[in-house]
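Please go over the structures that come below.
Each of the two complexes below includes chain A, the first together with chain B, the second together with chain C.
So, the complex of A and B:
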């Protein structure tokens, strides 16, 4: 039993619902049995991971689905030991080095080298045998290389990326890397040049609703909750789509949540938005209405609450900027676009501060104060 | 004495000689004196020994009864003496006393009885109750009934956690003493490797101490246990106890009762969410020990000051309490070491170069009346750049910022400076660049420049509360996230999920899926329970559990474990649903167990009936074949003798026609010796 989002996750390249052009190329590549290092990037919930797994399946057969979780330990130069989760199948392994913070370089160096060096020996044999077998009955040819999937590659430190550079070339006979990230801006150029970049865009609203509808068709009971005709359903899907920012995984989860929470769903049914977003909306509206120290006090406690629930400060800042942007409408301003520009530039300044400093609350509140000052100045003029 | 012995000896010698030269009766002098002649010819007179007759006091004679009037009069006298001495003895003497017997005040004023404890009355009583629950097993007294056969508390270890210096250790000791236990403490200073600690705990649990009192084990600072063994020993202890207790309940007869806990264990720690305690926590009754109210702390401090003849103002005490954030021990320490001057005020302490960050904070925000602003600026700057606590000062500035009367624009400027300080300090930590630390102190000075004003001390208020709860919740959430990542279940996805996605969207949505915000009936009824079934299955798939407790208002308080619900706010309706879900899951579980049991029962006799015993033990196989023999007639017997060594085919019974029964027969204990046995031989035993 699993969530719809997991249950209806495509397993094969042929099952993928959108970006067919991409799929076709991946398939062609997997068929040749040889492929370069790949850098897959795109917004969350666009299907990057799904695509990678499907490609691997195409490449190695269903063996890649036999996953096991290993905990590997690494010794730091200081003598401290680190533990690290690795998910692996006989053909590939998946790591998230960013879990290790600043120590990711060691993981990259040790783990990749270990795989690259050890596997080369026994895999050459297997490849040989497989090639021999191939003539008799058409087995899927065993690849000589192992694939390493690196999640959240944009969070790799510079050191780790530098360590990756040489490894990618030196051991290219034995391993192939697939880097998955949301944006390439943090990836250093040498790595970009060594990889084949593939962009996976977020699905279009129409594609989203198509996927959602196909899931509904398979869930008998849920289907009854939604309206009968497709024309009535489409607006609901679109609403879900907007609320979840075209993140397909979230779309599906949100649809499931709506189904669980309502007996019948029509266009008026509110989309379920996570609480913290509501909180941020509340903050931004009140900032625009009232710019005073007492207001700041309330904001501070709200920000503390958000941070205490482990919501990343940068995510808060981003949301806050966006919702302040939209709640500026409540004000009677002479030139809204000017203020919006100022707010965005302030936001980028504080975003930098968040990454340079360590006390998130200082900078989040600093941003709020700055916004207040900006609005105040504009109103006086 | 020596001469006396000699005398006796010699006189007996004389007697032995039977030489009545000096007759004994001659020796009797008038008033009981004895005259004796020594062998040397000297004569001595011996005085009769006067027996020391103990003059018993009359009270003693009346076996254990104490004359109350006498006691009362004693008290009266003592009081009078005390009065006089206090009148006569000047303060100097007390000072002398202080010098001679130097003792840490924190030890001197450690509470010694239940009534000495301040604050936390409710918690104190809960702890008292918890230990009282052990009365039956320890003292054989009756106590309130629980599910346990010894009426012990449900969870065998009490885990008290809270910030340092608020009396956790004290309360554990005091209460144990109060209830007539002997306290045995194991703390971080002791060796806590697995084996050593195991012996120690065993000793404590099984034996009484020399005083004859039962032992109460106090494990101090458990979160600091770096040795893995320690926690494992505890977990083991509890698990064994649980198992053995359960077996007693089931069998009804007393087994060895080897590892049943018979003494209370109290564990103390600061951080209950530290990963070391992860395994232990579910086995413990956890109690959060909060800081006492500052009013109570103040009254305690006042008492101490009175005792020690320190003249203080309320204001100073307030400042001390605030600066230590309610850490009573720290407060007392502060009092002791700043009381050399018998009067205490903030100015005297600020003459130090190493002054507390709170004093510096005061200096930054409050305009001193004594010196010019320029002068003060210089002074503060000097002390700040020498201080190692700029970080804390800056945080302090941030905390009080909004309580000052600065306007928004000023605050915005200050926030730039705070950023500067933050960036500097993170670089400082990162590279250990000593030079940078100098620049750190600039930021608080910017605050000084803008906000330093004349104001009254009573005006300023520190608002630590929001920050405290912030850290508490933060610890919880990071712990939950850790757990989710290490959760070995379907949710492999979480292991590698982006934190932003996970916390921001996935968990809240999952929460709303699992706990819909509608009435329970609605979930139950719709589609003949499809939704409900789905929820319970999902909960199981993600290996979540629901803990239901009643909070102090009597309403239901339900939590997931790991605590997913931290990531959303649940409405009351949802809380109720959680409670119902809990019941549902429980019912499911029981049903499952039952069906398993039934299946086991059904399966139980099966193998004997149908399946041939492939490898039967000696006794049972004989039984089995005897039965078989009775069933089948002589024909099969003939067959059997053909397959002497091992085989038997039963072709008479149609249903069992196809089965071949293999017997592996081990003679003696090893099968190294092989001997042929006949079928008949097997049965004649």
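So, the complex of A and C:
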């Protein structure tokens, strides 16, 4: 068995708990069989992948759930062999560009070509199409195309994206792409223009609460740990929801972890915040408390630790900015809003630098130093 | 790698041929000479052979590859060298007392310069070694024990920088000790594929290209085969094995084989008698921007990395190690003086160099630390430079990249402006006279310093920047705008290097490196200067540190690998239970990894565990480890172990499996409403109680083992 977050993942479009308008449109598309290339984006924990899998199920029936893991190997021009996992069902397959590093262009091109060509000589499919023509309304229309889901599409290199754009047109008869990403800022315009963009927003706190409560309803023991009446539970759910930044996946895990670590849970029970966020909070609190050379050195150690745990530098910067923003309350600053503005401005500068640079630590350290100087200057005045 | 292997193979062929020739010339020579003279001649011939090997050692890769191409030619050269007359001629130079007769008979002027001084003045007895007496004593003691089987040590590693006398002392001392042991062993065995040095009767050397050329033995397993062959060299045939040349360890498979054969050797049954094995390891570092990490053999050839953690763990029990230091100044001086007096006739008569000049040169060369290099430089100077030379033209050994010196110059400013100016002129290739004089540049000395530093560190620009970042705070006393600007300029410098763009044509181009490094360095210098003027109290000197970046990179790679492995397991597990959905590495590290460890380490689950009769406390490790072991910057460079597996040990894995089974197991059962009450009382009792306890006891046994 698995964690609740995986266990209670809805499998059908009808089971999805929020964004009903989105769901309705996806369902309509899947039913008619006129399925475009799709670009799904939105913050983590909003249900993008769940939605994609549910749509696929709607499209092809339960056959898409028969997954298998294949290890594909590609010979690169350099002579090296690249091996990575492809998860596939008879109707779709799922690839992750980060597995392929800088060779994603060749791999994706070859892979898509292979699928497209194999599909086009698959006679059984033609037979299905014929069957579809005969009895239009009775049968679930068999799709002539395969769906390729690309996870973390923002990690595709520019080369690969450029190659994808060509492939999308060339093989559009046999392949449909679903690109999943957190933000479209790294996706090139030609691809954005060829896909149907669907934004999945993070759920509202009320929607989160609803999901959490429905899970509790299925977990009998866990329910006993929480208060009996719904009115008492709602504040706890909302607290979890805010602590996890409306990331539903994190919400569910947090609830499960809280249940396992507490005998009873009420509003006063502290939320279990991930350790790396705690580290960042620690940094921001200490920046607001004390700005000295030794503090700067300690901060550097903490930053190195976060980076070596493969926490993306941009995420660190974002969290740090927000967390410093809220920690400023502890300081007696004459013009807090001005300082906040300056900090956000510094944050945006170093965010840009992070995109351009190669060694993240330079820019994170630069940001921390800048913030310290900004606050210090204000305090002296 | 493949090329290297190829080269090895070629080399091996070549040597086999030359070995054959050695033997044949040996025989013909024997037939010519009288018996009394034979030993000396043999000795000298063998000596010259070893010299040839050394010669090849000294040549760089390029020369080697050329050699391979012209291997036929080379063969010819070897043949020529092996002629008896040559040997005698060489012997004449050795100034062996007994050789005098031969000297008169055979010496010919044309052969005079065939030997370099390094080979010519190679020591013969341990008393001649230019090494600290204590080291020699230590070496003698250890070797004596090994030869007489008084110790559990089976392997002795001599490590140290190039030219510190490792191989020479190993061979000489082995030979002396072995001679002492059995003085009259006239019949030494000849093993086909092992080259036997006649001078060093009791020493066998490994040469990676010198072993058998049969098709079925690859260079990968070559070393292991050599060791196998050497096992029999005990008792009456006892010999010391000196491994001076290692197989191509940059080839992963060869390295693996090498380690495993060494492990086999040192862990062999105590009852088995093994000949003493001595390995000489020349340790060095290469500033290599493009190698994956500092902890790889490619850039950092250190004993720890060569042997790997497994063998290192036996240090002191089944193998010993003696660290050689760079040769001390007085020993280099002694040695050079000895050579100077031996060559006195050539030097003063032919070249007319005054003794005073020689002495001052020796004085200059003495702090070199690399004896071999010092002798080569001395010889070169005497032969070619001394008569014409002005001091400026003297070529010294380039003192490698001096990182901290450069950083110090940037942070504190230069201490010797005039020297800085001179270096500037040299490095910028500006001929003297055609530019501003020192007086004019004096006010701009900071810029001059920066240019000097930049030319030094350009090729390892980003490493230098990281080290600068690690150290710039040592001059600051408080947080002020200068520090901000300094950090800012480092950040800009990183952006300018354009390393982040994989496909950019500027990526890694020297121009961008130079620009970015200059921006970083200049910014640092200017701001540190301003910092100095505004800070009220003088900054205390803090010892400089190496950047943590490499460590961090290493850690992050290992965490990444762990996560990918975890992700793979998760995928297979979820596909089985048809709950699969993709989760990225970041997702797993920021969310799943943390909560799973929180859930599986929860109080409740631990309580259940105890109830289940599992007393041993288990801990489920957070994916990637806790955020507690902050990396610290070191003041000295410690090579990180190559295969230090940060994650799950055997026990950790077991714990993980058990906890997962326990949690997800009962999670499964709790779904069914009838087990509801049971669960609250005792969750483990249901279904297969017996199975559980059995498994647990089995597991704890495993864990104890």
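One rule holds in what follows: the second predicted complex is superposed on the first by the 363 of 381 C-alpha atoms of A that agree within 3 Å, B and C clash if a C-alpha of one lies under 4 Å from a C-alpha of the other, contacts with A are read in each partner's own complex, and residues count from 1 in each chain.
As a convention for this text, a residue touches a chain if its C-beta (ideal position, glycine included) is under 8 Å from a C-beta of that chain, and two chains touch if they have at least 3 such contacts.
Just so it is clear, the model here is predicted, and its values are computed rather than measured.
Q: Which term applies to chain B and chain C once both are placed on chain A by superposition, clash or fit?
A: clash
Q: Going by the contact rule set out at the top, does A:296 touch chain B (first), chain C (second), both, or neither?
A: After superposing on A, A:296 lies in contact with both chain B and chain C.
Q: So, does A:67 touch the first partner chain B, the second partner chain C, both, or neither?
A: Touch partners of A:67: chain B and chain C.
Q: Looking at the overlay, what does A:356 touch: chain B (first), chain C (second), both, or neither?
A: A:356 sits against chain B and chain C alike.
Q: In the overlaid three-chain picture, which partner chain does A:340 touch, first (chain B) or second (chain C), both, or neither?
A: After superposition on chain A, A:340 lies in contact with neither partner.
Q: For A:94 in the superposed arrangement: first (chain B), second (chain C), both or neither?
A: both
Q: Examine A:157 and indicate which partner it touches, taking first as chain B and second as chain C; both and neither are also allowed.
A: second
Q: A:172 contacts which: chain B (first), chain C (second), both, neither?
A: Neither partner.
Q: Applying the touch criterion given at the start, work out whether A:53 contacts chain B, chain C, both or neither, answering first, second, both or neither.
A: second
Q: So which positions on chain A get touched by both chain B and chain C?
A: 1-3, 6, 44-45, 67, 69, 85, 87, 94, 96, 151-152, 221, 247, 249-250, 253-254, 256-257, 260-261, 272, 274-276, 291-293, 296-297, 300-301, 304-305, 307-312, 315, 353, 356-359, 361-363, 365-366, 369-370, 372-373, 376
Q: So in the complex, the part of chain A that touches chain B is made up of which residues?
A: 1-3, 6, 44-45, 67, 69, 85, 87, 94, 96, 99, 151-152, 182, 221, 224, 244, 247, 249-250, 253-254, 256-257, 260-263, 272, 274-276, 291-293, 296-297, 300-301, 304-305, 307-312, 314-315, 353, 356-359, 361-363, 365-366, 369-370, 372-373, 376
Q: Quick one: in the complex, what on chain A touches chain C?
A: Within the complex, chain A contacts chain C at residues 1-3, 5-7, 9, 44-45, 49-50, 53, 65, 67-69, 85, 87, 94, 96, 98, 102, 151-152, 157-159, 219-221, 247, 249-250, 253-254, 256-257, 260-261, 272, 274-276, 278-279, 291-293, 295-297, 300-302, 304-312, 315, 350, 353, 355-359, 361-363, 365-366, 369-370, 372-373, 376-377.
Q: Quick check: in the complex, which residue numbers of chain B touch chain A?
A: On the chain B side, the touching residues are 395, 398, 402, 405-409, 411-412, 415-416, 418-419, 422-423, 425-426, 429, 466-467, 469-474, 477-478, 481, 485-486, 488, 490, 492-493, 495-496, 498-501, 503-506, 508-510, 512-513, 516-518, 522-523, 526-527, 530-531, 534-535, 537-538, 540-541, 566-569.
Q: Residues of chain C touching chain A in their complex?
A: 462, 465-466, 469-470, 473, 476-481, 483-484, 487-488, 490-495, 497, 499-500, 502-503, 548-549, 551-553, 555-556, 559-560, 563, 568, 571-575, 577-582, 584-587, 589-592, 594-596, 598-599, 602-605, 622, 624-627, 629-632, 664-665, 667-668, 670, 673, 676, 679-680
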